[in-house]
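Note that the chains are named A, B and C in the order they appear, and that numbering of residues resets to 1 at the start of each chain.
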Amino acid sequence: MHDFCPRAARNLAAVRQHQPLIHNITNLVVMNVTANALLAAGASPVMAHSPDEVEEMVALARALVLNIGTLTSEWVATMIKAARKANALERPVVLDPVGAGATGLRTRAARQILEAAAVTVIRGNASEIMALDQGTATTRGVDSVHGVNDAAASAARLAQRLGVVVAVTGATDLVTDGAREVRVANGHPLMGRITGSGCTATALIAAFLAVDPDPLSAAATALAFFGLAGEQAGAAAAAPGSFQVALLDALYTLGPEALQEESRFA
Amino acid sequence: MHDFCPRAARNLAAVRQHQPLIHNITNLVVMNVTANALLAAGASPVMAHSPDEVEEMVALARALVLNIGTLTSEWVATMIKAARKANALERPVVLDPVGAGATGLRTRAARQILEAAAVTVIRGNASEIMALDQGTATTRGVDSVHGVNDAAASAARLAQRLGVVVAVTGATDLVTDGAREVRVANGHPLMGRITGSGCTATALIAAFLAVDPDPLSAAATALAFFGLAGEQAGAAAAAPGSFQVALLDALYTLGPEALQEESRFA
Amino acid sequence: MHDFCPRAARNLAAVRQHQPLIHNITNLVVMNVTANALLAAGASPVMAHSPDEVEEMVALARALVLNIGTLTSEWVATMIKAARKANALERPVVLDPVGAGATGLRTRAARQILEAAAVTVIRGNASEIMALDQGTATTRGVDSVHGVNDAAASAARLAQRLGVVVAVTGATDLVTDGAREVRVANGHPLMGRITGSGCTATALIAAFLAVDPDPLSAAATALAFFGLAGEQAGAAAAAPGSFQVALLDALYTLGPEALQEESRFA
């Protein structure tokens, strides 16, 4: 059994016990799904994106999510403001560079955030991570055109250069801090047929960061939790509508013991 | 049987018959859920937040919902514009002060709206209502840290001071106009594990206000309706994903007779 | 068998094969539902509304959706910018004039877009299409107060005047290019009890336009596909919550053969 298996169980139990408040500045497509996923998992979500309140809200929260999925320029400034406050308070920050590589705005916005504030974890698909590393357009919309392995070198470089943990999600997920690399084999193909899967993964990483001081293990165990919930949902449903419902159910019913036994790290 | 039991039945039947148009200026997390809940219940929802059209839209609608869940300063001005038009046309207005107490922006916004226009019903959780009354931060994000009883005095004071009905929702709901107080015991714990429960309650109060001239009975009977739908959903589902689906189903299938028999007022 | 029956099958198979990227500038209520419906059907959705990126995103996409459901003035300018780029690149554009006729802003916005750029298909309910043609307020909120037949003359006039295909959806849908008219009889009453049905129809038309060069057949076959999915969902579910889930499932499981056999054109 991998070291992270008992850690996954402990993290999930801790999220359910402490119900950490997670502050999300996220995209308009997934706000509802993200809030519901965090609630089902046991965390407490809040969405707030006004420049007039993000600093106060970050101060109440245990972790901050920045997701650039439906970006405007104004939101970038607000995200940076929130991230800097989180830095000052030593709260973890997760960045989801949705669609980086697809448009200049998104690639620039993600890089601008990374320059202006310290991020704890970056979670993206292979194309997004490669775009952040290489600065060139490699995605098509918001879906990856690369496999996770294609992005391994980019992930490691980004992690080293920025001193962050990088999580690349796909059929098998890859999590690296530039020195250590962990693979997470949990998951189900239908997760790619519902919108906001990646965004939910990002939010769950934030919830696990709120209870685990090691960003590598927080990210990897959150992805195992989400992937295993996906497996359980896939066993209960064969199409995206009912899969989505079963996935939310699984985030609520999946217990620490099952997670410890069925997490697949490598 | 409480007087409100037949009233609940009449109100539900009237919503289904007249399908009142409900104008919602609400938060980005719950727009979809709110629209679906109103449609399932028999009302007709419309979402419109442009300052260039809210007055026209209010004029078409039978009630107005103001929900500050994902607030920006611009939206506050638009909400006030819409509320004043509703006042001029004598249409009921419901305010949902989501997260009042959590940040200064939200507490100020809620108070600013209450000063600038007449509101018919305020619906919040205990912490939000206490924050509106006391002006101090007592919430954690958007989830209440207080029970409904903690907020009873604040609710009564607010109701008297502002001449509004205040509905505090929680395990048992409390509705007061400052003189009369009604408790509504319908509900299910899973309602707290899906996002937007409170916002849906607020929207349903608006639908009932559209057909019932007494704001106290409109609010209380709407909460009984929503709570009973939650009970039926809880009997059909044991986790939040399927609960959410069953709740929408129950808002559609629950009939006036069942509501009359199973509403629990005190 | 109508000519469009095999065409419907070919179009659906082509969407699943090519997974065309569909760029949506759509309303805040339905963003999630639209993305999920496109994914379930086999297309690849992206939502992007920043004026700083819409031109780049359109260039990546195979079709553009403009939906004015929760409009502000800024968004109108962005929609026009995106539509002009789509015109330059010869990508199809679908306009959904949500609530045209209900407020001046919406009627003006829809007309302004139609003047400023070439649109391929307009998809609306009867009231919206009549409002676009006649320029007077005939709707109540965003739900139609007219039947499809009431809008037949308006649809034909609009189609001729603007050189577009007009699709009027309702109990039976009507699609016209001003010369030819097709009726689509597929559908289910519960589609009117969930929010965003019309918006989903619009997005699916965009997906079919991405694979079919004839806008009349693209629109009609997309509506048959959506209507038949609704029929299958209605056979599986009797209330809006479970219907919504079953509808997404059906968009995923419904195959070209069944579509060819059960499409009902006239």
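FYI, contacts are C-beta pairs under 8 Å (C-beta built on N, C-alpha and C of every residue); 3 or more make two chains touch, one makes a residue touch a chain.
These figures come from a predicted structure and were not determined experimentally.
Q: Only C-alpha atoms count here: how many degrees separate subunit A from subunit C in terms of the superposing rotation, rounded to the nearest 5?
A: 120
Q: Same or different: do the copies subunit B and subunit C touch each other through matching residue numbers, with over half of them shared?
A: Here the answer is different, because the shared fraction of interface numbers falls below one half.
Q: Taking each chain's centre as the mean of its CA atoms, how far is subunit B from subunit C in angstrom?
A: Centres of subunit B and subunit C (C-alpha means) sit 33 Å apart.
Q: Residues of subunit B that contact two or more other chains, please.
A: 28, 32, 244-245
Q: In the complex, go through subunit A and note every residue touching subunit B.
A: Residue positions touching the partner: 21, 23, 28, 31-32, 35-36, 39-40, 44-50, 52-53, 56-57, 60-61, 244-250, 252-253.
Q: Considering the complex alone, what residue numbers of subunit B touch subunit A?
A: Contacts found on subunit B: 27-30, 32-33, 69-73, 99, 102-106, 140-143, 193-196, 238-242, 244-245.
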